């Protein structure tokens, strides 16, 4: 494959970032916005060409009928040793091609949307610069040829996320949210890094192709080494998964994501809903053949995912801030993908149901990106209209903002899994995979799906129906630049489910047909509809039921509303234990013990100097006496020693 | 003698000193400083080009441009010069920082004396890096140390008397051990009956220091240099010293002088006494491992910008020594990269802190806030420096740290690997303190209304910072160039002795 | 075996030497101290005579007794008022003095006794004539002392100059 | 009776000629020309120094023994005498202004005569190879100094210093002579060469005592701890010129003589007896000197303690017991002369101009008298052993020389000495701090020092800067020592 | 009985120690000088005795004593001059008055 297009796909956003970052402050808002959109538009077109060529070009179907993996280019960037080399390259396989589409689509939509949403904001140019940086990093991440390249871009997306969350840097909340996001993900990345170190120590390679094409070799290369009872491969994979947990906001490293909603809403749509947060899923998917080798690692993935999904759904039911609700929804949905990946394999190379879970996960990733971006952008339009994030400030908006209302409704239906919207198809596959793996997980995830439908429609009704509060300005639909993305994404959410995804993305790149498992599908739709009906009953207009339920289960409400007090726990650990319990004592220790020791050399010297002062008494007879004793001691001691 | 290109690294500063003596006013002083530092940058670029050309032509000598002029014939002391990739890298680093430092002290008071000492300091630094004779190396080393006292004492701030004295005495304390170690090496530099020598290459060739002496001399030299490299527990001069030092001095000191420590540890302690290094490395590994984590933890609770950065330096420099002790090619390459990286970014940090301090007259982060609105340029630079420090890819910190971690983790011994993981933890703590400062200092609402009237960077400040940022980014973006420049040194047989790598 | 006379003589000399030394450093009257010193010096001179060094004995009497002691007396008269008893010694300085003197005695005594085995009785010696002394003083050969003789003259000159310049009122 | 042997003592004779000329000038020239005496003396000494450098003229081209081995001269000995001469010239130069002050009008000539006699005594100490000669030299070098100390008639401290000095000096010489009597009792001879041979078989208390007492006696002049207690008081009380003379010339000469005695007399019992004594003394000297120096405010007293610890470093050259050590010691003495005289030059200039000698008075000196402060700083750096100043080289070489001995004990000793350099750096920096960093209300005003003082300072500063960098000095000394008969004693 | 050297050396040593004692305890500077004379004299005796008993063939010790007497004389003269000088300014010959300078 030509390497020009791939290079441009990465280079254009980077150039835009540098251009807008360095010269942006000299530009007008219009010019900067135009440049950003033009750059992203070009990238979009190039990515589509690349991805579509890959998916439909016959040259990429190998002799064995498998879709080939293509390393378009791979430049040595930093050679640690002969084998361990970080290369910067462009790797095309089904998931990276799919991610190219997802990223550039959402990113372009967000660019467009932001033109209206961010109009007149200070730092408009900076905003676009950061968006370009993020797009660059995310693209780089998905096309990584080796795990270290992924780590590099992994860090870069983290940084751009940090910068964008903290975009409103005058606000304390934004600053601390960005800090939190960075540090939590950084902590997770530490795990990732150590995982890489461990893995590369045994395999002596960073290269994905090398690792995934023959995963049993990876297992063999560890030579059965164990550490603290678990095999080193498990350690490595779990640690790498930790990185994914951080980025994808899995429990217990999820706490940064709700706070990240402090950033501009389009950013949330792009980064914290559609692209960056799925990096963890992507990572596991990328390493999937290796994970397959270690049942214990996938087990952990399933457990973490399942717990997170349920937890986030619970919490989402009790939030006030619509962006928070969406954030928890995102967490929950990503957990779905994780679970799906986890259930795709059944330990030691046996792929359950032809890797259905894998395909489902990727499918859900794709559809979720679209409809969640849609929801976020819709939420952005709402916030734009009423200048508040809380649904308490909203209500009855369907009259004022019809476009937003209808697109938002489509998004909700999609996420709730109502056919024929895209979410139904992908979620159905996931549930099917879960049931196949273990009925318990299937039921559990179905329950979460029901909760999803409930909290989404709770929000929907509270915002668009419910009682109308007093608005200072009459809310109205957003300008065209914001509506286009909404409409586009809504359209995609409507039709994306019909894409024959299995033809394009499967774990072993062997195309196969998706078929809907009717029992699972029907049951889940029924459950979802029931949940929606309940939500409608409770929230379409003033109704004592919610209050009653709250009163009936106060403890549960409190815990859900306060997100099960995770933030407080972290606060306790970081501030009380690490900051006050380690840092401060260490600083004290440094100043008083270590430095005190150094200073005490000086003090002791001074004291000694003071102590021997009487020697120089000024009395000549004492001088002579010391002289005499000195001489005699010299003789006497020597004599005792040598004679 | 003057046909050797390296000698000009000492000659130019000396000429600058002479020029400075003739200067009448501030403009001339600036002219001398700028011309001189430009000449040094040019010279180091030239050396780099020549070096690469020679290497490209297949020159496999451990050192290039080697030359030696007898100085004290009876003791076989020579003025011996020579560079390998490491020294070239260090020379480039030094010249860049001297350049940036000159601009950062554009409006210093008593400029003549200031630059006099500053240039004397850089003479020492350059001389140290080009020397391959232990005696001249040590001499230049001490030449570089003593101007610090006056620079901090006269132009410093805060508790400057105490800090200057502490810094000088502790560093000289280190060099006391060092001197003993060096003379000891000299006396065991040749096999029985052979000609004793101070020349590093010859000593390494002779490989005559017997085992028991190595175990005595290695700690001496390692601790001697380690003090300057801010090795725990001998790092305490660093926070106080940096906090009190004027901007350019902090830059030079953290940026270059602390590198002397790491460089010396490698060039003398490990290069000449590999067996002892191998056997005793665990002791120092523990100490430096502590430095790495401990410095970072301490930085988390400090509120004085310079203290934070000083502790951060302890942590980062600890990583340098840590990696050197791993005794394998990758980790040691990483150590040198980390020296470059830390030198540049910490110089950038100190330059920025100095500039902010020069405006607000406080370094307490609790007394400041919202600088991004007041001085966007400096703030952006600070963020970049912070990002470099916490290891953002594309900037130098990432490259060096990763090289170190990957390299260290390649160590065959489990103990070393576990320790590497412990050291890795520092990247999280680093993020904590960097972001804490960035969040408090640059973001958020403006803390003090008086600060609103402050101005952003002047052109010379911009020049100074841009130079450093570009350098940081250059290393971060094109690491393989530096990697190849450096790791040539680590190829040859010194590891063969250890059966490592 | 020594003759009784010489034993008696020895005892007298040795005893007076010790006794007068002790007295010289313990008496409170300074002038008396000078006198006891004189007696001690005389005893030493006698000892020189006993050991057949007549010339030395003569010099001892002439220079010490005749010169130095006179000098002492003059200076004592110059610096002390009549009836000016010397100070009362503090017990501390006494203790220190004793300690010093005793340890000196111990160490040096140990040193002397360590060589005791080598000591024999008085060997025969060639009678020293004046010309022997003169040749030795004026010669440049082995065991001849022209150089010290000249050197000491410079020393004496310097001391004279020094004494003069110090003692001069202005 | 070969009186022509006197002609081998060219340098001594030259010095005596100078002495006589000065004496005659002082005695017979009319009063108005008396003010020319200091300059004349300086010039004469300068001539003597220059002449001493050429072997054909006064210096010695080869090893010569005269008076049946009572006197020795050799290129090495000639070299150390030349080094002393250089120092004396500088001292004389720096003392011109003081000597020409009104208070000194009546004692000008005597000062120079006494000084020259002490120098003569030191020559004898260095050259003598017979203990009688040695003690005469020692006394000549020490007794007139007492008189010189008392030259500041107006000052109570001057008298006190002289009193303390003469009393302790005489006591010390009594102990020394006691030691000599033991040596004599052991060996039956006072010739160094005879003792060297005879002592080799001895191993008893008398030998130990003898060595200890001899070390004490010479250590007194070198101000080794614990024989140093007079030093500070005398340095402080004596006129500055005398102090500088005492601190460098007297110390340097004694150090060399000490080396000669230890090597040529007690060489055979080095490791048996006195090696360990010197270890103890060196550690004590360096440490105690440093500890006292920390607290001093009076500059002269401060330098006294500093010079005590410096003496400890000089001793390293002796304990090294090899030619490298000796050469390093001579080099150290040379550098020390320049460094210390630069310091005393500044102190003297300031004292002559304003009468202030306290370190507190030096605060802010750099603002008003930058050049003097600079000279002082260089002196301090050199004394502290900071490169590229000469002190660094001398320290380095003396350590190198010492470690050449190679035992573990010497490594420990050198380590202790090195750690002590940190303490010494501290107090030297205190002076620098006072001048450059501290500020004060009553700064010493700007003044212009006399030409002679400035010249002296220029010379010393030039020495501080170049003595180290110019390698031929140390190399030359090393070659000289290695080739000399002295080296036989270290074999 | 037979008089060996030790019979002469011991009194001399005692004399020396008396001198030491006197020098350390006496407050009058002239008395201290007197003590010093005792010490010097004791040394002289040592030399003479060693010469006479152990090495009678040469006259080294004797001549040393001869010169030592001269040196002692010079020392004493100078010391007395200085003491008188001190007496002039201090009006005292008490050694304890010499304590201006200390520490």
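Note that the chains are named A, B, C, D and E in the order they appear, and that numbering of residues resets to 1 at the start of each chain.
Throughout what follows, contacts are C-beta pairs under 8 Å (C-beta built on N, C-alpha and C of every residue); 3 or more make two chains touch, one makes a residue touch a chain.
No experiment lies behind these values; they were computed from the predicted model shown.
Trainee: Strictly by the touch rule at the top, which chains does chain A share as contacts with chain C?
Mentor: D, E
Trainee: Measuring from CA centroids, which chain ends up nearest the centre of the complete protein set?
Mentor: B
Trainee: What chain pair shows the greatest number of contacts?
Mentor: C-E
Trainee: Taking mean CA positions as centres, which chain lies farthest from chain D?
Mentor: The most remote chain is A.
Trainee: Measuring centre to centre, with centres taken as mean CA positions, what chain is farthest from chain E?
Mentor: For chain E, the chain whose C-alpha mean is farthest off is A.
Trainee: In whole angstrom, how far does the Cα centroid of chain A sit from the Cα centroid of chain D?
Mentor: 77
Trainee: Can you work out the whole-Å distance between the CA centroids of chain B and chain E?
Mentor: 64
Trainee: Give, as an integer number of Å, the spacing between the C-alpha centres of chain D and chain B.
Mentor: Result: the chain centres lie 42 Å from each other.
Trainee: So the centre of each chain is just the mean of its C-alpha atoms; given that, what is the distance between chain B and chain C in Å?
Mentor: Distance between chain centres, rounded to whole Å: 70 Å.
Trainee: Residues of chain D that contact two or more other chains, please.
Mentor: Touching at least two other chains: 132, 136, 139, 143, 146-147, 150, 162-164, 167, 171, 178, 182, 185, 204-205, 208-209, 232-233, 295, 426.
Trainee: Mind pulling the residue numbers of chain E that touch at least two other chains?
Mentor: Where chain E meets two or more other chains at a single residue, that happens at 16, 19-20, 23-25, 32-33, 54, 58, 60, 63, 67, 71, 74-75, 78, 81-83, 85, 95, 98, 100-103.
Trainee: Going by the touch rule set out above, which residues of chain B reach two or more other chains?
Mentor: Expected reply: 169.
Trainee: Touching pairs of chains, all of them, please.
Mentor: Chains touch in the following pairs: A-B, A-C, A-D, A-E, B-D, C-D, C-E, D-E.
Trainee: Can you list the chain E residues touching chain C in their complex?
Mentor: My answer: residues 1-22, 24-28, 30-31, 33-35, 37-38, 41, 44-45, 48-49, 52-54, 56, 58-60, 62-63, 65-67, 69-78, 80-85, 87-88, 93-94.
Trainee: For the complex, which residues does chain A have touching chain C?
Mentor: These residues of chain A touch chain C: 621-622, 625, 628-629, 632, 635-636, 639.
Trainee: Where on chain D does chain B make contact in their complex?
Mentor: Going by the criterion above, the answer is residues 324, 381, 386-388, 392, 396-397, 399-400, 403-404, 406, 411, 414-415, 418-419, 421-422, 425-426, 429, 432-433, 436-437, 471, 474-475, 478-479, 482.
Trainee: Please output the residues of chain C touching chain A within their complex, sorted ascending.
Mentor: Of all residues in chain C, those touching chain A are 93, 96, 100, 103-104, 107, 110-111.
Trainee: Under the definition above, what is the set of chain B residues touching chain D in their complex?
Mentor: 70-75, 77, 135, 138-140, 142-143, 146, 149-150, 153-154, 160-161, 164-165, 168-169, 172-173, 176-177, 179-180, 183-184, 186-187, 216
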